[in-house]
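By written order: A, B and C. Residues from 1 in each chain.
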Amino acid sequence: MQSPLTAETKKISKLEQFSIWFNQEKILGPALVAPAVLILLLLIAYPFCVAIWLSMTDKIIARSDTGNFIWFANFTKLFKDSIFQRTTINTFNYALVSVFFKLVLGLLMALVLDEVKIFKNFFRGILLLPWIVPTSLSALGFLWMFDSQFSILNRFLLDWGLIQEKIIWLGTPATAMFSVQLVNIWRGIPFFGISLLAGLQSIPQELYEAADIDGASSWSKFWNVTFPLLMPVTAVVTLFSIVQTFADFQIVYVLTRGGPVNSTHLFATLTHQTAILAGRLGEGAAISLFMFPILVIAVILQLRYLQNQD
Amino acid sequence: MQSSLRIRKITKGIVVTFGLLFFIVILLFPFYWMFITSIKPDSELYDTAQPPMQLLKPTLEHYVYLFENTRFLLWLKNSALVATVSTAVSIVIGTLAAYSLARLRFRGSRTLGLTIFITYLVPTTLIFLPLAYVIRSLGLFDKQIALMITYPTFLIPFCTWLLMGYFKGIPRELEESAMVDGATRLQALRMIILPIMLPGIISAALFAFTLSWNEFVYALTLAQTEAIKTLPTGIVSQLVLADVYFWGSLMAAALLGSVPIAILYSFFLEYYVKGMTAGAVKG
Amino acid sequence: MKERKDLTNRLQNGKLSRRDFIKLMLATGATATGIAAGLASCAPEPAATAVATSAATEAVTAATEAMAKPLSVEGKLTMKLRAAFMPQGNEILKVIVEDWGQKNNIPVEVDITSMNDLQTIAATAAETGAGPDIIEINQGSAHLFAEKLADVSDVCDDLGSRYGGFYTAAEEACKVNGTWLSVPRFFAPHAISYRTDHFATIGASVPKTWEELYEVGKALVDAGLPPIAFPLGHAVGDGNDFNYSVLWSHGASDVAADGKTVTIDSAETRAAIEYMQRLFSVMPADTLSYDDASNNRAFLASAISATNNASTIWGAARNQSTKYKTKDAEGKEVEKNLHEVTDHFVYPEGPAGRVTYAEFMSSAIFSFSKNIDAAKALLTYLNEREQLTPWVNPNLGFVFPTLKGVKDDLLMPWNTTAKLAPFKDYADTSHLPGYPSNNFRGGTDAYAKWVVVDMFASVCGGLASVDDAIATAKALLEESYKA
């Protein structure tokens, strides 16, 4: 496209020459991606490779007699480790249950917000709050709400006669898992809500009008128009949420530190305990690597889906 | 017919109102409780006999403690600085990358796009130790700039991906017509495309800012000195002392710490929703 | 004289602000050293004079030494310390360090941070070679980071010879293969905090054995009074302290003296678990979720009658004039000060006597530090009597010196305050995870995995049978003590 221009121009400065050369797609393309690639190579890819290498060594912090290459010994050991088995189940439970409820409640929130006509920005703004408060701080807020002695939740439930005695939120495996999931769901609903709201609003109004003319019910409009058109954005938001939830650290770290008896340990918190507190870097790296294939599968599924949509 | 339509409308109104109330209660109650906690004197806070929602003598002592005995304002400033710089860096780098990957044809662009996207999946807990090595060899350990260059690692993939979707939604003809008029691609990008992209950029920036504001693991390991800590790590390190949680001040800090972001969102919410729409749907 | 008394009071009440402290220092024209010596000299007992005299001599010696070889640092001397319970205690420590920096013309940067952060910072620093010059590490961490820590034997030998040597637990934690790799700093001593009024109501005296403690617990429940409550959750300090102490004082241990053979599967362990189950039956179930702060809050809210803790419950009740409700002679509800009915007793004895867990901190110097000499000088200075006293005293028993010779000093809190007396002998019976072997590396690994706490908790919480809990613990311990 530029070549005729080059031919016609007699006098051409170096700078212009460069600018024309630079304007070619095969040059400009890579050049523009380069900064992103460089920073990711240096600060993600390289540390990531180090982590993979670490996971195949017996490296222990500050011990020079360790760091020997042991192939997959860490992984095979983990398969037999009772805490790790428990952690795997916990992580799936935590992520799948949380994401499911975030999705369902987020969708509801989007549908509700879509209908709110007065002070709509105000409502949207304040309902985003759980998502924008730093997690470490809001998790502390929940720690206070789950306190065995002063739990405001218990006070309400007792006062309303829903329970007869105090629930020990963080003291039994089932309630502790429920509690950390609750916090994660609470924090994630607004993200789903607002993103799906965005998806809702991109659905052309004419489709609904057409459906109205056909005399469609609200339910059939939702099922035949809203739902399919909302799928792409839902898929993407769910993917992000799965990634974040599988790798979650702060909520469990603040609320239970993995207790009681490892019933809330997630891959990330067990990694921290193993690699940092006990100093077993190799084993810790192996634990956190278990997250990776799961996440990759999630991504592949999502991308497949998106491609089919195109 | 007419009346059944009206009934439907009224039912809908009631359902929507209840729905809204439901979300307001479950999502905002914790904040209300945090607020009450932050203005309750300790004597009432730890009195199990007193109805919890009751507040006899509101006090600002927890806020005073926060400002006088911790470096809250400094951490707030640090957080703002780190988040702003890393967001700006990520947006610039992300926009260029997204434009290239969405618009320009060159070998390997598809694979590259996918790879950038996948880096988003590498959990911070996995790489923070090796990353600390890198930062140390760069001579940036325990310096604020360490956070400013590491935060973009999880912001760039996201920004790139979101903005790619956005670029795809803008007709090629727009920039091609500009180039026919003699503009280079970059000029066309700056003059024609970017202004249209503004909602997308704002929504990516808001998202990036939020993620930076929230970050904990890198901040904990790479910025250890009190004077350069960010809000999440600073608060936790000074208000959680083994046996004692300063609940009042912690809640005060959590509330005050979210105000700046809340303000940002209130300004840009409209763009945010629009940006997400364009980016996400076409992504 | 009166002024001095007032200062002591304010130090103890935690009402002495950093500004006041500096003002006082300026007013008396003295440094922290001077104030400590002054405090000591104003006490009437003859012993104190001796203390003061020796303090003064030592101060002079130290000063001469400091003059002899001027210290220099590259950049700043950086140190990270664990935040103690008393904010004022932390402030005073900062002042002491800064004071040292000024005297020696060395820029010092002190950060006081929470325990959890310190572990991450220490691990990162040990592995990457980037971090502060001095760091406070907990428990047996010196064994974990051994290769990356500077030899501080000269500092420890010097301090040890001057102040009667270090406690066993301090040696266990800091001496790796005969070399001091960390300078012992303080214990967070534990005792049982209890409500004297509730104990009086049921006519209970202070329990001497775990069995008697159970009897008291049962009597409290029967009388409908707030129960006893000991943490079975992941409470870094209180949970480990309680569970290890019960285990050890029943004659059980997780490892044999050889440091390799796992001995958790024993009749003694079963006896300890059996005891714990009984104790749990008279405790509130939420002890399974207790973190370090939970028992403090519960006690301060008059919801429990006894728990194991450092002196922080009583200290907080006193500082904040926490109230409890009771009936006066006419049956009218009145509010009284909780600290008046709060007292402490030492950990009870088990079949194997009294063996307690040491909650312990030490200050290590990283070998990558370019300021090792200055760091050593500072650590020596901080652990000298003159600097220990003004710091230990206002911490109201939350910190306990690691040097045997100073605990009898007149101004040590347990000597000035009767209610803190039970903390005085804490360090005599204390040990680190890994005891009775010297494999404290393995012990620290097991401790980090909560093996002992979880073993008890899983049985009490009904999550595992005794056999299963022991089997799980055994498998984990074998892993820990192998490496």
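The criterion applied here is as follows: contacts are C-beta pairs under 8 Å (C-beta built on N, C-alpha and C of every residue); 3 or more make two chains touch, one makes a residue touch a chain.
Computed from a predicted structure; not experimentally measured.
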Chain whose mean Cα position lies farthest from chain B: C
A-C or A-B, whichever has more C-beta pairs in contact: A-B
Distance from chain C to chain A - Cα centre to Cα centre, in angstrom: 40
Intercentroid distance (Cα basis), chain B paired with chain A, Å: 13
Per-residue multi-chain contacts in chain B, two or more chains: 46, 48, 129, 133, 233, 236, 240, 245
Touching two or more other chains - residue numbers and ranges from chain A: 149-150, 272, 275, 281
Set of chain C residues in contact with two or more other chains: 120, 124, 127, 297, 301, 303
Residue numbers on chain B that touch chain A, as the complex places them: 12, 16, 19-20, 23-24, 26-28, 30-31, 33-34, 37, 45-46, 48, 51-52, 93-94, 96-97, 99-101, 104-107, 109, 112, 114, 116-127, 129-131, 133-134, 149-150, 152-153, 156-157, 160, 179, 184-186, 210, 213-214, 216-217, 231-233, 235-236, 240, 245, 247, 250-251, 253-254, 257-258, 261-262, 265-266, 269-270, 272-278, 280-281, 283
Of all residues in chain B, those that touch chain C in their complex: 42-43, 46-49, 69, 129, 132-133, 135-136, 141-142, 220-221, 224-226, 233, 236-238, 240-245
Sites on chain A touched by chain B in the complex: 1, 19, 22-23, 25-26, 28-33, 35-37, 39-40, 42-48, 50-51, 54, 108-109, 111-113, 115-116, 121, 123-138, 140-145, 149-150, 152, 155, 186, 189-190, 193-195, 197-199, 201-202, 232-233, 236-237, 243, 246-247, 249-250, 267-268, 271-272, 275, 281, 285, 288-289, 291-292, 295-296, 299, 303, 306
Interface residues, chain A side, partner chain C - complex: 60-64, 81-83, 147-150, 166, 168-173, 176, 256-263, 272-273, 275-281
In the complex, chain C residues that touch chain B: 78, 80, 83-85, 87, 109, 111-117, 120-121, 124, 127-132, 188, 236-238, 292-293, 296-297, 300-303, 309-310, 312, 316, 320, 322-323, 325
